[in-house]
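Shared chain: chain A. Partners: chain B in the first complex, chain C in the second.
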Partner chain A sequence: MDGMIHYVLMEQKPEVSRRAPNITVGLARAMTYYEHGRLWQNFFTQLGCAVCVSPETNKRILENGVAQCSNETCLPVKVMAGHVLELAGKCDTVFIPRYMSTARHELCCPKLCGLPDMIRLNLRNKVDITEVIVDADKGQEKTRKTLAQLAEKIGVSTKSAIEAYEKAVKNKLNADVKARLAADMEIGTLTDKKTVAVLGHPYMIYDRFLSMNLIGKLKAADINVVTPDVFSHHKRIENAYPYFSERNFYAIGSDNLGCAYACAKRPEVAGIIYLTPFACGIDSLVTEFISRHLKAGREVPLMVLSVDEHTGEAGFDTRIEAFLDMLAPV
Partner chain B sequence: MNRGGYYLGIDVGSVSTNIVLVSQDGGIEKKAYLRTSGKPIDVLTQGLVDFSKDVDDDEILGVGTTGSGRQLASVIVGADIVKNEITAHAIASQRVVPDVATILEIGGQDSKIIFLKNGVVNDFAMNTVCAAGTGSFLDRQAERLGIPIEKFGSLALKAKAPTRIAGRCAVFAESDMIHKQQMGHRTEDIVAGLCTALVRNYLSNLARGREIKGPVMFQGGVAANAGIVAAFEEALSQKIIIPQYYDVMGAWGAALIAQKAIEGSALATRRNEAGSAFRGFKNACARYETHSRECGGCSNNCEVIEISTDDIVVARWGDKCGKWSNVHVSA
Partner chain C sequence: MKITFPHMGNTYIAVKVLLDGLGLDYYMPPVADRATFERGIENSPEFMCLPFKTIMGNFLDGLDHGADTILFGGGAGQCRLSYYGDLHKEILHSLGYEFNYINLQLNHLTYKEIMDKFGPFIKGISKATVVKAVTESAWTVFAVDGVYAKAAHVRPREVKHGSADGIMQHFEKRVRTENGFGNIRDAIFEAKRALEAIELDPQANPLKIGIIGEIFIASEPFCNLEIEKKLGNMGADVYNTMSVSMWIKHHFINAILPIHGKDHAVEAAQEYMHIDDVGGHGVNTIGNAELMCRNGLDGIVHIYPFTCMPEIIAQSAFHDIEKKYDIPIMTLIVDEMTAEAGYITRLEAFTDMLRMRHDRQKPQSYNVSRSSRAG
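This part shows the complex of A and B:
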């Protein structure tokens, strides 16, 4: 894998063109967009770039992504590829951040670590891709280095790129969690009302197409919905680690695990639905740990809903209906 | 038939369409198990014509539909409740065995397991896209071996040394069976091996290591297969209860839920005038036309299904945004 990454990076050495700084940068509404999209939007806007965000996932985006990617690729990455294709021709370059780690002692999913490469390879370099490495565990060095490369590529000074990044990070840290998601992507609040926690990767649960509007359907059934974002990252990790005394887990796994454990302590949480894309390695472990933990404590009903590109909505809805019946017996 | 009113329960599944008439004490008065044969509307309306010979419109106090075609059935008949199969099966099973703890259900193209605790559903699982181990697969194998499906199960019971068949996937199971036939294994041993393999597959896919507590009930069309029943009893080391109406439990459950809903709404005495959404046998048995087309309004290109009778659109569905299904339609 290492060799491949080097190869691709070498081949992809950004051509240095002194274009006007106000070029258009494409952001794919997929993967980390649901957590950090605003940060990068803010970053590029500060640098004077126009930002073009791909539309919400739809059938064409999914089908294009599936058609382009190798069969083994996980569903969210296929969808990512579809979004990048959607941006082709609408922008000068598509920005895909390479998230290695977002906190000390934490690792991102390998698919995020290799995301720019996977997209380049699967799309056979059809779309120009620009990246920045984020590796919070190792420090700022790589980020600064890749920011300098980006600055050169889009024709701004390294100093202004680093300043814009630092400001964007600060802006994001200052903004509350709701603000970083689209306004209608409510994350809910824990109230006395009957609550169902919807867990999973942000790019699964907040993507209305991939999630088959799970959150909307639950709300239509008069259920209060909460997502992992209802707890702070710190709180989720704190809840996950008494169980995992060693910090050896992917961050997103700990987030969902911690949220499930936190929910298990809250009596108003009547049930937990874990939405997982077919073939997600992290989820296969996390869902198993959650179900064992729930069995040991207060028995909170758990349903794991697995979706892939072939999933029919009828079977999906039947499961949701039956799950809700289970929470409120007829 | 005894006077006083009935509840109609309809289960439109992928392989069978089942209709039951339930009296006010909850018992089944009449039942029909019909092959859907890919024509759910025709089969359902023909079934209803048969029921209309025994019961009048104003005797129907309420209607419940379930199964994968529950929305369709609801539009045609006019249902008071539209319920998922899990809940419907659980309700019917509890009527037969009030303390049932596990329900195994294997239908034409899907299978379910339902766990109950203290009289309420506690957990459930349904098979995924794969139809390995369901009735359709058994049908196909029986046909390939030249055995009538009704005799498939009893043949399995005659086996002396069941053959080991790979049951993880229907395609592999079939090639494995062909291979075992060519090796000279006896047909009854292969059939028994297949039953064992399907049960093994069902338990590992659906029960996934969960403890199967008794009483255990087994229903759905496949419950008629004595070979599968024997394989379940051996795998679970306990007796399996097959309810008398094993093949129409979903429809029965739907009728019972409708009854509860209607009686709960205190409209029971007012009959159809206000109590039930039932459209009447004559209306229900009208001719229906279905059309499907791609919407084209956005990149989702949803396939919209339209059902009409006498050129009047009675229902539309299939769209994600609600643009078509929310359109007010007159029945």
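This part shows the complex of A and C:
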């Protein structure tokens, strides 16, 4: 399949048009888009490709995704499949990065390591998928190899693809949020106001549909909201008990551990809500560490909210209301 | 100092040989014990995978019986196994236990690492004794897997139903109570001889069923509800790719030897996965399914614990593999809530369906692979 598409593309675009590939690349607004979407958008723009981003998650996208994947697949991956389907016909290829690790001593969730394969297999090759391996822990060798394949596919030189990667992506994976995230994602700021920290995977807490607008609802209740992105990567790692510095752990795990303990030190943080997709493997570890460790220090109330495709909004809202009522005034 | 260790399938036999050979004091938690299992579940997070909970139960039982040192193998990879140790320690400490935790890094096990971690134990023991104990233990791993493979071969072919099960029951009872390499070796030889003496039906034409999936569940009869035995008694030759000897070979022997062979399973999986590792044995599972299909098995059972991340990824590839070879793959997911009756029904339905396909001789014209994916 890959070979065939490649052949078609090369036929349409002979050597002459190498500078401007005239290809539209689809980016799914799911999973890693909520961490690095802008970086990849810049990467493709620099290569001269048009970029098409799928719309915000909605009921149709969720249902399409759920229909394609096995039951056991986690909610974010199902939604990802829905987004990729949404892009079918609107672009020449859908780009799904394969994240093995985004920093030294940090690992990604197995689902991210297998994401391009999972989506391709679950969608039964309905959509052409392009990948680039990102492995900051083990080195750049595989990244270069996949960048070369991508360059050949979209008809640019390998050198320019590597250059664009180094300029747009490589050193910005853990950069300040302004460089990485879209402007409308609300990370909040730490103030003296009564604050609730919303933890979880970025693709859960920033996706307004999956999170049932949790951040918006808290704000409407006149609560200041912060997310793990409010702390710098360095600050999070520093606090990530028991996985400090040199110890390997899931990147997303360290982010949330670090944020939880950094928040526990600040008196204005009145509570923590951890939003997790049903049966998430990483969260099963992380929430346990957080809840045990919080008990040892200042007892910050913690609520783990688990959602899946069957979750009803009314019950969800009731739990948030009950949690807010319980929080002691600062 | 008293050591305790967790169970995984039949590893306990080799571990016993090793610790007996070194003359160390240890406590072995009971094999397949419901009460320890329940305690592990009570003290584990709800969504951690079943191996974590089972191992937790073993540790609690061991510490209650006077053990002060825990022997465990973890790693530093994408599978949660790598982080079991930290959470086990955290939970056990909060329950008030004090102990020494030895966590072997199985991903990059080196001779130095083994010596560093075991140094304090084998102080004062002669080098010859250590080498002898390790060699005997390694032999035991392969010999025991040989016995189980032999039993799997006999079950669907025996004339008198239940003969192999009787011998295995006696064998398991013996190795659990006997100590020392000499006695365990005798038990192994006794079981082998007895299995070889069983009268086999020359007309038997058993189904060939492969087992793939998560290694702890695939090799632990208590967690997989004795799947090998059940399928064997339903008239199937069972090929379990996830044996303990394979695991030992992978982690201990390959790690110490400088030569690394090609991993055929990982290679075979490249058609579906464009990466060689997604944590755990995810890629191996796909590769083993592909290899088994190439070898013409009748059907494959994929088994893993609920919420296992690498195996969920592997599951995505089965639709393509089933379609390519027209061989059904059934996925079984187990956790502490799995009930045996429903489990048996599914295995029976699967073997019956395979039997019908087998007898028709022309499986190509009956594409039933989709229906086997139910659930």
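The rule is short, and it goes like this: the second predicted complex is superposed on the first by the 291 of 330 C-alpha atoms of A that agree within 3 Å, B and C clash if a C-alpha of one lies under 4 Å from a C-alpha of the other, contacts with A are read in each partner's own complex, and residues count from 1 in each chain.
Please note the rule applied: a residue touches a chain if its C-beta (ideal position, glycine included) is under 8 Å from a C-beta of that chain, and two chains touch if they have at least 3 such contacts.
All of these numbers come straight from a predicted model, not from anything done at the bench.
Taken together through their common chain A, the two structures put chain B and chain C side by side without a clash.
After overlaying the two complexes on the shared chain, residue contacts for A:Arg319 are found with chain B alone; chain C is out of touch. Looking at the shared chain after the overlay, A:Glu72 reaches chain C, while chain B stays out of its contact range. Legend: residue contacts after superposition of the two complexes on their common chain; A:Gly89 is shown touching neither chain B nor chain C.
Looking at the shared chain after the overlay, A:Cys109 reaches chain C, while chain B stays out of its contact range.
Once the two complexes are laid over each other on the shared chain, residue contacts for A:Leu121 go to chain C alone; chain B is not touched.
Touch counts on chain A: comparing chain C and chain B, the chain ahead is C. Touch criterion met: A:Cys280 reaches chain C, while chain B stays clear of it.
Minimum C-alpha separation, chain B to chain C, in the superposed model: 7 Å. When the two complexes are laid over each other on chain A, chain A has no residue in contact with both chain B and chain C. Residues 68, 83-87, 91, 120-124, 126, 128-129, 257, 260, 298-302, 320 of chain B are the ones that touch chain A when the two sit in their complex.
The touching residues of chain C, counted against chain A in their complex, run 45-49, 76-80, 82-83, 86-87, 90-91, 94, 272-275, 277-280, 282, 306-310, 312-313, 315-317, 319-320, 331, 333. The touching residues of chain A, counted against chain C in their complex, run 69-70, 72-74, 98, 100, 107-111, 113-114, 116-118, 121-122, 124, 131, 133, 242-243, 248-249, 279-285, 287-289, 292. Put simply, chain A touches chain B in their complex at residues 55, 58-61, 209, 213, 299, 301, 306, 310-311, 314-315, 318-319, 321-322, 325-326, 329-330.
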